[in-house]
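What follows is a set of structures for review.
Consider the two complexes below, in which chain A is the common component and chain B and chain C are the respective partners.
After this line comes the complex of A and B, so read on.
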């Protein structure tokens, strides 16, 4: 009943409610400052404790030799020197680069195609959107289990059933070092289309329809309109998708853990999986932290690079 | 007849359309049909792995050894589900995931909205610094900090037999604290909330202040009800992240009664090895709750991704 919860405010210059005296401006400012700090405090303190402190700890431990049982010992730059010559670590980085370089452009292109086609009145539009998006909403562990079964090396794996129709196989997708990374990339493409499509769809809905109408009057064809209007208008969305996809790609872990455990012969090892092995299987915690710091540096460089390449979200 | 149902798919008829030739219109209709066929085929392709999972989960195990295996299971075998439930405590796993996901949703909504509101609407000296910090946090991948977070949890003072210096015991390892607390507030959700509050009218705040409403009252009873869809979006995204989380629960839980469903599936894989009918039944149980939640609340999920992407 109280007027305070009523959504429409009284006109600013109307006399305020008679029951409460108008608060003084300075008291209001002080309360605003105090409550700003109070309301922001829990989330800020929590992230300082559980993200800020760990970053500092990771950097500090990266300069130590630490095996969890004995206290950490200062080791200078030894871990970084080890990483520098650690072939397996750089191979893992390379696998991330390959997954990104092949998988992200393909899934971005498919996402753009789907988004363009779905950005109109279409029977069953919602159903298509859901079907393309389901792989993203499903846990990667479950997704990996499904694909583990699809890639089953026997004649009864779905992929081998399909290839059998054209007379190929059966192939041991996940145990052949030449095939395993490709098999992983296919899953990342399939799982990655949905989110990219949603972001493109939202961006397309923000494009002013009058631009297309003007182009129609000028006699532009579909390709011209796509090239001259859609692509430039989607630039901020493309930047956002690229940067989030790159970051997500360097965090691929669940998929590798279930599908291949980095194998066969380390042919699908990725950075996060290598860090996991170094820390929790080999107990070289100092080294694993140095690897984490490198991962962080890679992501920061990627963020700046992709901003330069795509042109960024502001300024133009 | 089929073309009749396609009529709404055509681009809005512009006034000049009547003047155009029928062959052009037919061409457009053909194009719309081609698009529809393409979309049907490709979305079936996208859904195929899920269909394969569902089909395999009701398959008789003898069919798995048959070559060639009949593509469609010969009979519906729901015992696979009861068998899977008998082999591994999926009910316990699901309950744990539900608790974890619900806690993530509640905590993110409560503290994320508070911080997001303060950053969007309240002027205080540290606001720019806090906002910059949150954005920086979004960029930091969990995998870069997971080892220190694990060490902090393990050395949590006075828990799990630890001394006040955090030594000697196992700290929060294998407790609900470890599962819930470190990831309780996501900087991304704070950012998302800020975006939602930015779109609300500040005049309401000024008016409420004139009415003598407390600052907390303005936040909780006036501004937050305005972003109800946003609350649901954050709750759903947090729930999804909690339900689908794998690495962290894998690292900090060891006992079966704290194991969450994604870790449960991974360990069931060792246990059931080649019993794919059981593995797919288990996987279906892990995947279906999120799929249903998404189908019911699709709009809010989509809003969340769109808002985070474009603004």
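After this line comes the complex of A and C, so read on.
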């Protein structure tokens, strides 16, 4: 059944006097446009007020010297110049890059393995799915508290108990600058697998079974099917996971805030924590806004690079 | 009703204006320059005030509510709400409170915090004649001043010195506590071994690597800033000696950087895994709850940090100082409550509950305070409490970053000269922004 809203034009040879009055095309479009604008207004208003305005304010404040208490004063590019000589800021960026470069691929790989396994008709797979997903829905504060106990530097910490069995340790996971970042990465991997697995699971269930049947007929083995069918078909999901993981990684704050407070010796400081310190511990809000703008630019660049590397959401 | 583009835009603009006006108006009227009137008639007071405090945690909260606030509210009709926050989050709590326009009327902070917040206009000036009437010792008032005016008052002191297990000393034939830094190093090394660390200096009572460094800085005759707070001095020779002393002890094994107790667990000293330890007066409450044997007579020996460059021994002075927010809308009531808290009777109750040292010995007899050996030791040695953090309006910015710089040195990520350079650059940068 046609649902076209465009009136059927009269036959070309009909007498002009008997033709039905036809609304002008521009009038129809204007009415549609008004309704379109009206329907989009709530979302637009929300975006403008809660995303657009803060971004604009952040950009404006990034050119000021502002300490929360006194009115902002125009400072030109001084904050940006400060950032480029602020070793701790770039060290924090580097920590984010390391967490992303190590943590995201490992957690994606593990999530894919779990999703592939839990996509099969295994007994108790519902329980396993919940177990893998549970860290994602657990409050990060609780996660950090649990890992603080796991990483307890004494022989009473769970990790050191396990290592003690094989004659290693006890290791000061969170007080040794050489170990602390690795310890944080491990937590991000553990916490990140759940959501990634869920997305991969949903994507796997959307892959047409006929493709595998056809491959079976052609004599493809498991690895060939995984490589030639599963991976390409999961490309949109992979892109989505990569982008959201990158963004989430650069937004990591609560885990660091509770687990290490950026220490020891700033070895686990990340960008958001550095911005927080700058704004609320050093009262340099203008500089913190400039750091936020730099973070935004980094995320935009990363999103474009990821799209290039993974090939976007087209699945081709 | 016909909806046009113009009407939609008009409605949006009106909504945005309304939200903006509401946001701008949220702060209400206030006069930051309004002086605190500590002579206000209590019968004229009314309303509510808020108190932001990092103290009165756990069991200490009930005495605050029931024995300090309740009599004040009963007498004046002013209600007091308490916002308790951890020391580590206090700075952020104040700054976010300022940003959100919900700053407390009374703010309790630490040593070294007064000058930065006074410089920013957050703390209201307190009349000097009232402070002089309290009769506090000058040593506890040094940190309350900024540019010659008073902006805070000490409510509690947290003094730090060194403690030792006498049986560990006896086992090695050590009869006297060390009198110099060299002797302290020798004894720490002698006591190290058989699962025991000689000196637990960097965990627990030290508070942080920063405070551990500052304590030693003063022991070696240094200070953080010049008298006017505009020139850093922590990077000079005493600073180098302080860092090197810690590094040498760590190299010998008599100080272990990784020796930490998990949150809520007894410290290595309590567990007798350390023969000597930095001790804070506030430890008494923890000891009495977790390790009561340490509170018995003669169970722990105490001594001041020996001098590293001749002169007198040193005690580290931390503490809790109370200030009135310049943004308070009920300054007179806040001032009345500050006076109430500084009354000798309530100073006694508060310090007794927290296991801290009252800023004056002139308080009514209190069994808790008198039986607290750490407090008694601190009070007896108050004139030596010269090691303090701060001394510059730039200190809060320095404080944030100094921990990481000291930790970098202690963990071998940065050399001593580079660390001292970093300290100087940090202070110079912060001071330049005052």
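Operating definition for what follows: the second predicted complex is superposed on the first by the 268 of 316 C-alpha atoms of A that agree within 3 Å, B and C clash if a C-alpha of one lies under 4 Å from a C-alpha of the other, contacts with A are read in each partner's own complex, and residues count from 1 in each chain.
The rule is simple: a contact is a pair of C-beta atoms (placed from the backbone, for glycine too) under 8 Å apart; a residue touches a chain by one contact, two chains touch by 3 or more.
Quick caveat: nothing in here was measured; it's all calculated off a predicted structure.
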item: Chain A residues touched - chain C or chain B, whichever exceeds; value: B
item: Which superposed partner A:261 touches (first chain B, second chain C, both, neither); value: second
item: Touching partner for A:37 - first (chain B), second (chain C), both, neither; value: both
item: Touching partner for A:152 - first (chain B), second (chain C), both, neither; value: both
item: Touching partner for A:223 - first (chain B), second (chain C), both, neither; value: neither
item: Contacts of A:280 with chain B and chain C, given as first, second, both or neither; value: both
item: Touching partner for A:88 - first (chain B), second (chain C), both, neither; value: second
item: Contacts of A:288 with chain B and chain C, given as first, second, both or neither; value: first
item: Which superposed partner A:165 touches (first chain B, second chain C, both, neither); value: neither
item: First, second, both or neither for A:175, with chain B first and chain C second; value: second
item: Touching both chain B and chain C, residues of chain A; value: 34, 37, 148-149, 152, 154, 156, 276, 279-280
item: Contact set on chain A toward chain B in their complex; value: 3-5, 7, 9-10, 12, 16-17, 20-23, 28, 31-37, 39-40, 42-44, 46-48, 50-55, 57-58, 61, 114, 117-118, 120-124, 126-128, 130-135, 137-143, 145-150, 152, 154-156, 158, 161, 164, 190, 193, 195, 198-199, 201-203, 206, 216, 236-237, 240-241, 247, 250-251, 253-254, 257-258, 271-272, 275-276, 279-280, 285, 288-289, 292-293, 295-296, 299-300, 303
item: Chain A partner contacts - residues on chain C that touch it in the complex; value: 3-5, 8, 12, 15-16, 19, 88, 91-92, 95-96, 98-99, 120-122, 257-258, 260-263, 265, 396-397, 399-401, 403-404, 407-408, 410-411, 413-414, 430, 433
item: In the complex, chain B residues that touch chain A; value: 5-6, 8-9, 11, 14, 35-36, 38-40, 42-44, 46-50, 52-53, 56, 64, 66-69, 71, 111-112, 114-115, 117-119, 122-127, 130, 133-134, 137, 139-149, 151-152, 181-185, 187, 190, 203-204, 206-217, 219, 221-222, 225-226, 240, 243-244, 246-247, 251, 262-263, 265-266, 269, 276, 279-280, 282-283, 286-287, 290-291, 294-295, 298, 301-302, 305-306, 309-310
item: In the complex with chain C, residue positions of chain A that touch it; value: 34, 37-38, 41, 45, 49, 65, 67-70, 88, 148-149, 152-154, 156-157, 172, 175-177, 261-267, 269, 276-277, 279-284
